[in-house]
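Read through the structures below before going on.
In what comes next, chain A is part of two complexes: it sits with chain B in the first one and with chain C in the second one.
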Partner chain A sequence: MSGAGPDRPLAHWRHRLAERGVDRQLWLLVPALVFVVALFVYPFCYGLTLSFQPTNGGPFSDYARFFSDAYERGTIWITLRIALPAALLNVLAAVPIAYRMRGRFRGKRLVTTVLVVPITLGTVLTAQGLLNFLGPTGWFNRILLATHLVDEPVRLTHNYWGVFFSLVITGFPFAFLLVLSYLSGIDPTLERAAATLGADWRRRFTQVTLPLLMPGLATTFCLTFVLAFSVFPSAVLVGNPAGETRVISLAAYQAAYERYDYPYASAIAMIMGFVELVIIAVVLAARSRFYTGSTGGKG
Partner chain B sequence: MATTTEAPPIRPPDTTRRRRRIAARPAAWIVWGVVVFFFLNLLGVVASVLVSSFGQSWFDTWLPDGYTTSWYARAWDEFALLSVIVVTLEVSVLVVGLSLLIGVPAAYALARRSFPGKRLVFLVFLLPILMPPITYGIPLATVLYKFGLAGNMSGVVLANLVPSVPFVILTMTPFIEQIDPRIESAARMCGAGLRTVFLRVLTPLLVPGILAAAILVLVRTVGMFELTFLTAGPDSQTLVVALYYSMSASGIRAQQSVDAMAVIYTSMMLVLLVVALRYVNPTQLVAQVKDEPEH
Partner chain C sequence: MSAFSRLRLDGVSRRFGGQAALTELDLTIEAGEFIALLGPSGCGKSTALNCLAGLLPLTAGSIWQDERRIDTLPPERRGFGMVFQSYALFPHLTVRANIAFGLRMRRLPKEETRRRTAEALRLVRLEEHVDKLPGQLSGGQQQRVAIARAVVFEPSLVLMDEPLSNLDAKLRLEMRTEIRRLHQSLGLTTVYVTHDQEEALSLADRLVVLREGRVQQVGSPRELHTRPANWHVADFMGYRNLWRGRVTRVDDAVVTAESAGQRLLGEAVGDLRTGAEAVLAVRPEDIRVDGAGETRNALSATVEVVEYQGRELAAEARTDTGLLLHLRTERRIAPGDQVKLAVDPRRLLVYPDGPAHRPEDQGATR
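Up next, the complex of A and B:
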């Protein structure tokens, strides 16, 4: 690098930094860091300060406004009531199916490919399809009526269940692929060793596979929960956006784009992020109680 | 145990095996039943949109009265789909190109180097993926509007880059870690500078990873609703957002033309998906992404 006499203190300083791993190659990180700071960290801090500068009242009055209004405060509960059961169902249903499919069998690639399709459908098309399929004159109700399982059409759209089903359709394949990849990352010889020691399949599952799988399940739950928590289009399109599926993201959107009250919208966004991070922190704290080392497989 | 779909093993039936078969059978049937039920409903959801988009009129019957393709022509004109698709493609190409340019060098530095504060840097890159888009999208849109960047293409591209750059970094890091560092050392010894190493040695080796990351970012950008919705102006809507607007105002327009538009969107995504699956194995990819936070 630099060699001449006057540069010596500078070179010395550079040398000491290089010993700790800081040198010119780290400039490669700079564009990405600048980008993330400018477009993620700065807007976030801007929103945070904006939420403490309401159009009228003291610094906390927008937060107070949110929590004192039952209609607004209830959105947290509504969101959790949709997102938590949906994420839990997606993960729990994925476990036995992935456990059954972790070996090799004909058509495995087809099954995984077909399962990726709903991820690409996106929430908007899923909403449209659910309205057609589950609606009062849709095929689902027609089959139920034709087989005399019900006497009148079951109401499954424009309420809680429509949103719930849309979250299952988009979330389940995602959870399944994650769980399958975690399961195939567990060394199968561990289970065979347990079998030679006389464990039946139930003990092999609960005492060998499940403990190794738990950290993966926690991560899967977090990612599925994030997807479900930010539900927005389906809550409007297949849900009942004025009542039982008025989720918190909808409240934030209405504050920003219908009432143009940006400080209040930022306050709701901050509350939303906080609630989500609390749930994730709880799950990750529980995750750290399990064994998280190598599981011996390809992963 | 292995799957039950295979041929029965050629072994004399003894009591232990018979007992296990009886125990395993109902569970296997339930599992496969749930999978089939899920797929049937999924098929119903997709097929009802498809059939409706080709149907003449469909009220309270099993199938439409007649079939026509005129809804596609109507949707094409009514929603100005050509310009919407052009905007979608422009946004996606810009997002993919920029996120690769910014993300790949950063992924290299993160994969190869250890330095003080690396965990913090990793956390900062992970957060945009972990946070729901609406949470940071609203403050981001506010900032972009303040600088006059939102409401047009640049705002949409900038907003979509926020989750895409970290996504490229997380996808590329394992690919870079797989490359033997001795190859780079050899190139450096032969007198190649950092730029030459990058362009002549690393990039050719990284083409599969770059392709995988590019396609995944493309699929995500075409499907990204929230961020585009918050930052798009009237002439910078992508296909998803236009679809959402046409659906939420569906009282005005015929249901079938909205369905036709949804089918156009899905077929676009399916083409992307088929291309993507040629390069990416879904389960393998998730396994690679999942390894990242543990560094």
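Up next, the complex of A and C:
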């Protein structure tokens, strides 16, 4: 026991720290931290400081330039006009399909695979497909023309709709997979209980499943919105990059690689991030009004 | 939705794939009765309950509420209250909203909903927890919410699926009394599923014992306790001593059978002939330890294991011929002791055994 004397305060501290979750396992976080710092924190801080060092004018003059130019300012609205409906549609379309696909049934894996395949395609392949399918001489228009539903081809590419469809195709699998996992986290016994209490399927969904699913839908919306908001390739490939689909990331790209004005491009990137944060903050604030605790399922 | 005077299950069967979970369950439930479906896990009792609730379609058979066929109705149109093993409380709703759920679904006037919810809250003594969420309640309190939620709309039938199995022993006893009290004060017809024979015996007016999807016996707690229909039921009802043997003599209901070299007298349950294979069943508490001087069914044995159980001891003893006995006694005995044991022949039941006497062939008494 004589040797225990000096060790005791150390052991004591070790216990106190372990109680707060501080122990050697924390070293496992190091690789992730390195990545986050090197690939996110440092570039972000670099861009932020760069945006305050414009080639001419005071620290805020690039921000002022963006907001005073209606053509530039308008890109925020253009991007929101594409990204918000696309994200919303993705989430709303994912709910009934995921709801139907809870539980086990034959062929579930096949259906899931078919629904998720667009993730693997990439934007360029999707754009290629869209041009072939929805373009002026694509199958879709040819069928419409052949059946005399329309007299001239419907313009669905190289405008707003082309980008919108592209975002839905690439964003839906994410939304679907997320909603499906949130749904399977809800204990199916709850709906059975609601049924024995006299709730028909519609009220089982609106009174039990939907309220429990709302926080998950909010998160899903945020993620698909961020994906859609930073839309870039499809805005060029199937959109109208000079006009109605001149999205904010395109404005930043042009500033950086056509005019080589890095501070201005950084300022646009910062504004872009800020707009995203505002939308996410609004959605998460709404989310916190719902029940967000355990939903009893297998999670 | 309305009250009934009789609920009749007619050949209710359910298969899962090729597996029969429930085979031809016939049962008539009178209004106000408390029925327990009892059996080991996998015996089909929960399947039967889910079929009754409408949560599981039948493979064959029908369910009749008086003259109305209800097995084709979805659960929400049967109007039966159900208490789930996991309680299945809505985690996003307060205790009050959980209990009021069934009333809201019936679109009752606000005032009545409020009044009946308050009444149910008082009934299960949860008045001070009305505004809490289920996650903030203890297991016993959650259970009481689940029960209140299932009875508040005065269902014509209450179904309970092992409602006490997630509670600790002390709480289980309390809730058992509570359920019995509720049934007595509300008079609600109840079907209660459990694997705990003690729970079933103490709660139910009538018990249905199931095994491998088939009814083994239907009867009052007393009938099941004193005269199980076959040795499987006996096994389940606490007859821990089950000895295989052979019938050596039959005198009407009294038979003599030999098991592990011991000749024992008992009462025949079922058809037995001399030379037939048999199973002898005795409860541990029916083996007397101060059996010296007893001439019938006297056994001398050596105590092997003793467990302290408060006022009584549970012990295992073995005769010289190798017959293993489970017994309970207030006498202080210790391993190694030589004891004189005796069994009252009226308490020793002799059942037919062998492939020809599969339990389901003996015909369930109704």
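We adopt the following convention: the second predicted complex is superposed on the first by the 262 of 299 C-alpha atoms of A that agree within 3 Å, B and C clash if a C-alpha of one lies under 4 Å from a C-alpha of the other, contacts with A are read in each partner's own complex, and residues count from 1 in each chain.
What we mean here is this: a contact is a pair of C-beta atoms (placed from the backbone, for glycine too) under 8 Å apart; a residue touches a chain by one contact, two chains touch by 3 or more.
Note that the coordinates shown come from a computational prediction; the quantities given were computed from them, not determined experimentally.
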Joint occupancy of chain A by chain B and chain C, clash or fit: fit
Chain B versus chain C as contact partner of A:290, first or second or both or neither: second
Partner chain(s) touched by A:110 [first = chain B, second = chain C, both, neither]: neither
Chain B versus chain C as contact partner of A:203, first or second or both or neither: second
Partner chain(s) touched by A:211 [first = chain B, second = chain C, both, neither]: second
Which superposed partner A:190 touches (first chain B, second chain C, both, neither): second
Per-residue touch tally on chain A - higher for chain B or for chain C: B
After the two structures are overlaid on chain A, angle v-u-w for chain B, chain A, chain C in degrees (C-alpha centres, nearest 10): 80
After superposition on chain A, the shortest CA separation from chain B to chain C (Å): 5
Chain A residues touching chain B - in the complex, by the definition given at the top: 20-22, 24-26, 28-29, 31-33, 35-37, 39-44, 46-48, 50, 93, 96-97, 100-101, 103, 105-106, 111-114, 116-118, 120-130, 132-133, 137-140, 142, 169, 172, 177-178, 180-182, 184-185, 201, 216, 219, 222, 226, 229-230, 232-233, 236-237, 249, 252-253, 256-257, 262, 265-266, 269-270, 272-273, 276, 280, 292, 298-299
Touch list for chain B against partner chain A, complex: 1-3, 5-6, 20, 23-24, 27-28, 31-32, 34-35, 38-39, 41-42, 44-46, 48-49, 52, 59-60, 62, 101-103, 105-106, 108-110, 112-116, 121, 124-125, 127-128, 130-136, 138-143, 158-159, 161-162, 165-166, 169, 194, 219, 223, 225-226, 230, 240, 243-244, 247-248, 258-259, 262, 265-266, 269-270, 272-273, 277, 282-284, 286-287, 290-291, 293-294
Complex interface listing, chain C residues touching chain A: 53-55, 74-76, 78-82, 84, 86, 88-92, 101-102, 105-106, 133, 135, 149-150, 153, 159
Complex interface listing, chain A residues touching chain C: 187, 189-190, 192-200, 203, 207-208, 211-212, 290-291, 293-296
